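Shared chain: chain A. Partners: chain B in the first complex, chain C in the second.
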Partner chain A sequence: MGAKLYGTTGKILRVDLSKERIWEEALDEATLRKYFGGTCLGAKYIYDEVDPKSQWSDPENRFFVGSGPLGGTRVAGSGSVSFVTKGALTNGFASTQANGFFGAFLKFSGFDAIIFQGAATNWKYLYIHDGIAELRDARHLKGQDTWETEESIKKELEYSERSMSVLSIGPAGENLVKFACIVGDKGHVAAHNGIGAVMGSKKLKALAVARGKGKVEVKDAEQLAIVAKQILESAKKMVVFDWGTSRVISAAEGAGWLPIKNYNTNVFPEHSLFVGDRVRSVFEVKPAPCWACPSHHCHLMKVTEGPYTGYSGEEPEYEQWAAWGPQIYQKDPGAAVMLANEVDRLGVDCNESSWVVGWVMECYEKGILTKDDLDGLEMTWGNAEATLALMKNIAFRRGYGNILAEGVKHAAEQLGGEAVNWAIYTGKRNTPRGHDHRGRWVEFLDTIVADIGTYETNPGFIPDFTIYGLPKTYDIFSHEEVSTVVGKTKGSLPFLDSLVTCMFITRFELPLLCQAVKAATGWDVDLQEGFNVGRRALNIMRVFNIQAGLTPDKERPSARYGSIPVDGPIKGKDIMSGWENMLDNYYKLMGWDRKTGLPLPETLSQLGLEHLIKDVDRVKGGN
Partner chain B sequence: MMKVTVEVMSWLKEDFNHKSQGSLVLEEVVTPGTSIIDLIHLMADKYPKFGKKVFNGQKQELTDYCLVILNGSIVSASAELNTELKEGDTIKFLPFFFGG
Partner chain C sequence: MRIDEEQCIACELCVPYCPMGAIRMDNVAVIDQDECVDCGVCLRTGVCPVDCIIFEPAPWPRSLRAVFSDPTTEHKETGIAGRGTEEMKTNEVTGRFKRGWVGMGLEFGRPGTGTRFRDVDKASQALAKLGVQFEPKNPVTFLMEDVKTGKIKEEVLDEKVLSAIIECIFPIEKLEDILTAVKEVSKEVDTVFSVECINRAEPDGSFPLEKVLADLGIPHYINGKQNVGLGRPLAGGGN
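The block that comes next holds the complex of A and B.
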């Protein structure tokens, strides 16, 4: 028997859906210290067990759901959960997170993570309570939306609202929509790279974990409390602590990074109707915090003006306001609340959805797509009811929705002609988050070179650039400075996602987080070791993705994504004029070969990933 | 002397003791030759809450707290902060916020 472990349960739950078999697997301390949990641990398992050349929908794909060493502790925001798999949109790595309660409850139930393999014959859901896991029939839940599914499961298992956490897919996941998401705790969404479709391909409708009576035993509770307080003090310095992301929309419009009318303009005076200062005073709001979180981020919201008066749901996050307001040129915040919640309930990623809808609206305006093409829908700019109907057609793969369900890149290429130039996507088939990245070059580069379908760093949440050897500030429109910031900070976000904490609370307080890990686990983790966990995850994913065909030639934006803004504060800013230089600098800083995209042997060795070198050599040799 | 307009956006208004919705518009009279960075120093002296956040320590170094827009165009390079202002210029101060 090994030494006693702290901050971790030392166990993962394995579920073979094909064989309806469930078993426990022990995690040794060396593995845990090397990979921590969440994203990095998930990356290890996916790499070890999934053929990179296989399809995401192959039953042999693994679906990893995990907490981390801080999960369920008194560190605020430690109820989050990380999902890692081969994603449906890019057919490469997916790593995406949801806040809420699931991660904490999973640890209380005695598991750091769950790994699913195989595919069920009929719809199932997994029920975990006090260390016991069972697969249950979910045929009666088929067709239910994500909120209905959560309510149905809690009702049939007789759990109250906060005594159980449920993650589920909606109709979109069931119908293998390539950008289907997973929704937990009524409104917390793991959105990126079609992970909802992966669940759907396994006929796994939901995961339900009871609050249980277990606790996470930490090494030094007193020290962890001190560090948790320091982390909280840092969080309070950010606007998000008091306002969530609701206040961001006006700052985004002012700085030119609000996505407006499918990147056709950068001016949207109506931003002031959507901003938190206004909507939180006009609409009815009620706090709905996550596990152990004292911030004023998450709220429920009831619309009190306009045609959607009386509609209740979760307060949209910034990306939902952006998606269902300016991106589709829709000017009623009440309608945005309705669309944000209805799309969540269908189980579709709001970001990809809004690029799809914005592109359809532009095609409709220009006469390329007609009412007849669109199953009778009049897709004029800002038409909220038509948008909802279109999203339902996508979720159920009806009519033209069946083509759109493959994502905006696929739909645009199917239609062909000039319409391809109006779609926003990358060569890897992923899309930006709810921003106009032509005004945010850091995220532009990050999104395009990413191996997970979305960000792998987020410098906006870095309190101190100097720990990365960077100056305190940088020029946001300098090709060289931006690519240096991305190259040097990459790894920060997967580090957080391997601890599985909420970015809005823990920010990128890497030194403090290392102290928290030490207090929780007893491991004397320094900054470099912590940062290397994130870099390790990225390098594993990179070697896998190159084998999956996501090669450097795909690291380019679509014509519209890389276009030059024509008005507003970022008018004339041209990232593409220095694109190749940015890639050169980025690859150099990552320790990757510019031509093949593969990590150099010394990069892998420095990260303790020598076992991947033979795979790299094989790929270089053309096998 | 010359007049310039200073527009303060979003939650930065709170540093200027302005709590109502919409932007805060100030008319400032400055001497010819005043640069953008000079104006930031002036505003930092006038509004200490802003000054404390926009500069590190003894006002030697700007933080990344504030994004500056001159006549509708973002000032991103530090050298551009030495640009001299002209009569009628509009300078916007925005939160330097990325993410969300």
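The block that comes next holds the complex of A and C.
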């Protein structure tokens, strides 16, 4: 053993599901300092141990579940957890996070991360308590939704609500739906790139970690408490702190980035029915915060008007409101609460689901898909009950749901003809989050070039552009300025996800976050080092993904995704007219070869990734 | 008050609500049992999002903490909620304070400091030596071993409460001696306390106490109370 570690536990739990073997692995400080935890550490392991050319469902795929050096500390929202694996939708890297408690409780149990390999013969779940891990029979949990699974496990192991954290897949993950997600702590979702299907392919139904009596030992607790408070003060200035994410719905509609009717329009006057301050005053709400978090973001919600009066669940996040309101042209907030929760329970990503449902509705309206094609469902715009039935068909792979379960790109290409032009997707098969990216160009470009299966940077999350060497503001519809913002800010979000803290609290103050890392670990981390951790993760993923076939020629939107808005506030805005220039600029700023998409040797060297250069050379050589 | 450490999510929302500053963070929120006065403010605010703040009625002598500190708790013995007796404020029900007499209240502790009965005891013993009569319905009086000595029962001395009030009466002639003794004992008291002297106004509207206090050089302010009811005050009675 080396020097005493602070902040991190220096231990990883290894689980071989094929052999039903569990062991611990020690991490040295140099490795931890280089990769931190969460996303970056996960990227290293996936790169080192998974063949990029293999299928995501190969038992040799690794499934990484990790906290980071701030996990379980006084920093608000440090209970989050990051998942890294070869994802089911793109068959490239997946990195996606969920908030809640799991990360903190895992650290209390003495582990920074868990890495699964192999596949179980019968359904299993992992149970960690008092630093001990065991695989338990989960055959009786098969078919249960994500909330039921959590309740069942807590009941059978006799844990109360907050003395255990459970992450699980629903029927969608069991049935290898390509956009199945993982749900933890009743409503916190790690959504992107089909990670629920990866769990399903390993016959891993759930992970349960008991809270235990342990705690995270930090280098300077007093200083960390001070910095944690400063981070919080900064977060309080943001609207999410008081109102959650749904407060931005009206602003989104006004700015043209609310997704409406499958990108057919940019006008949705009913936005005011969905906006956060209204629904919170009309519906019954109760706070349901995450680890160490005093913000008013997460709530439980009970519907008090309309046909779904009495329905209880979690308050939908912005993306769920967007998915189950405007995107499917559904105008009852109560129905959106119902759909958001039912889809979470089935264990399906709400974003991809909404692009699938929106596309089906458009096909139905235009007569391309009929009631007969859809197993009797009348998929008219806004039909909430039919949507729920369709989502169940997808989760259980019944009827046409079996094709839709492959994602909107696959389904559209399968159907062929004009319908392909109506589907929203990227060439890599991933899809946008719950936005109309035609009014949100930074995320548009980012979603398409990303290697992570979703977005990697976000201008709304960057209050101070000057720390990236950028001017304070930029023209949101300038091809050049937008691509410069994307190229220069890449790294910040995966840095957060390598510390594994909630972005709604910690994204605002990266310099403070570096101070928090120093107080927790004793490492004298500056902004550049933190930023490099994020960039390191992205470069590892890039080298892997190119080998997996996710080459630059796939970096294009579908016809509808890249179309020109016909009405509303962003009418006529055309991102595709400058697309190639954007890519050129982006690749230059990333230090990547425009043709092959691969990082240049000096880019890798600057990030301490010299060991990848030989792989890059091999790929260039065509082997 | 206690926090269920298996349910607490460390959000710190409760910390600023504690009038005694007795909640600190040690991974999760922890209540210092010695400093907590069981006032229940943390619980009544409803601030805890996971409802993990717990009040379990404590056995004697800790039970005193809630009784004295939580204004919603009624004293079993007196049937009165709070720290002292209603009469002190109004003098209308029993007419306790008659002309020629002084009612005195010593209010120990405030939010932020609280008081232990050990400090109350120092003052009650000093007053008893000068022959005051303690108010029988006052909850502190209930805690005395002997009202003659003013000694408070040994087992309650370390109990801490948000506030406690000694109430007594004595002839006005003793005022100077008593105030001198109170000044003296204040040096040994390890918390804050305020002194109230209650006195019926003369028919001409003057206050006999005012002159004595001025002579002693004690700064004071007057809270006037006036009976505006329809009945004749019991304190009247020709005195």
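Note that in this section the second predicted complex is superposed on the first by the 622 of 623 C-alpha atoms of A that agree within 3 Å, B and C clash if a C-alpha of one lies under 4 Å from a C-alpha of the other, contacts with A are read in each partner's own complex, and residues count from 1 in each chain.
We adopt the following convention: a contact is a pair of C-beta atoms (placed from the backbone, for glycine too) under 8 Å apart; a residue touches a chain by one contact, two chains touch by 3 or more.
Note that the structure is predicted; figures quoted are calculated from it, not measured.
Q: Are chain B and chain C a fit on chain A, or do they clash, once the structures share the same frame?
A: fit
Q: For A:288, select first, second, both or neither according to whether it touches chain B, chain C, the two together, or no partner.
A: A:288 contacts chain C only, not chain B.
Q: Of the partners chain B and chain C, which touch A:472 in the superposed model: first, second, both, neither?
A: first
Q: Comparing chain C with chain B, which touches more residues belonging to chain A?
A: Higher number of touched chain A residues: B.
Q: In the superposed arrangement, does A:219 touch chain B (first), chain C (second), both or neither?
A: neither
Q: So, does A:162 touch the first partner chain B, the second partner chain C, both, or neither?
A: Touch partner of A:162: chain C, not chain B.
Q: For the overlaid structures, how many degrees, to the nearest 10, lie between chain B and chain C at the C-alpha centre of chain A?
A: After superposition on chain A, the angle is 70 degrees.
Q: In the overlay, answer first, second, both or neither for which of chain B and chain C A:442 touches.
A: In the superposition, A:442 touches chain B alone.
Q: Return first, second, both or neither, reflecting whether A:136 touches chain B, chain C, both chains, or no partner chain.
A: In the superposition, A:136 touches no partner, neither chain B nor chain C.
Q: Between chain B and chain C, what is the shortest CA distance in the superposition, whole Å?
A: 22 Å.
Q: Does any part of chain A touch chain B in one structure and chain C in the other, and if so which residues?
A: In the superposed arrangement, which is not itself an observed complex, chain A uses no residue for both chain B and chain C.
Q: Tell me, which parts of chain B touch chain A in their complex?
A: Touch list, chain B to chain A: 9-11, 21-22, 56, 61-64, 67, 69, 72-74, 76-78, 92, 94-95, 97-100.
Q: Along chain C, where are the residues that touch chain A in the complex?
A: 6-13, 25, 27, 49-50, 52
Q: Per the contact definition, I'd like the list of chain A residues that touch chain C in the complex.
A: Touch list, chain A to chain C: 74, 76, 101, 160-163, 211, 215-216, 225, 286-294.
Q: Using the touch definition from the top, list the residues of chain A that touch chain B in their complex.
A: Per the stated touch rule, the residues are 239-240, 243, 245, 247-248, 250-252, 254-257, 272, 275, 277-278, 317-319, 439-440, 442-443, 458-461, 472-473, 475-478, 503, 568-571, 573.
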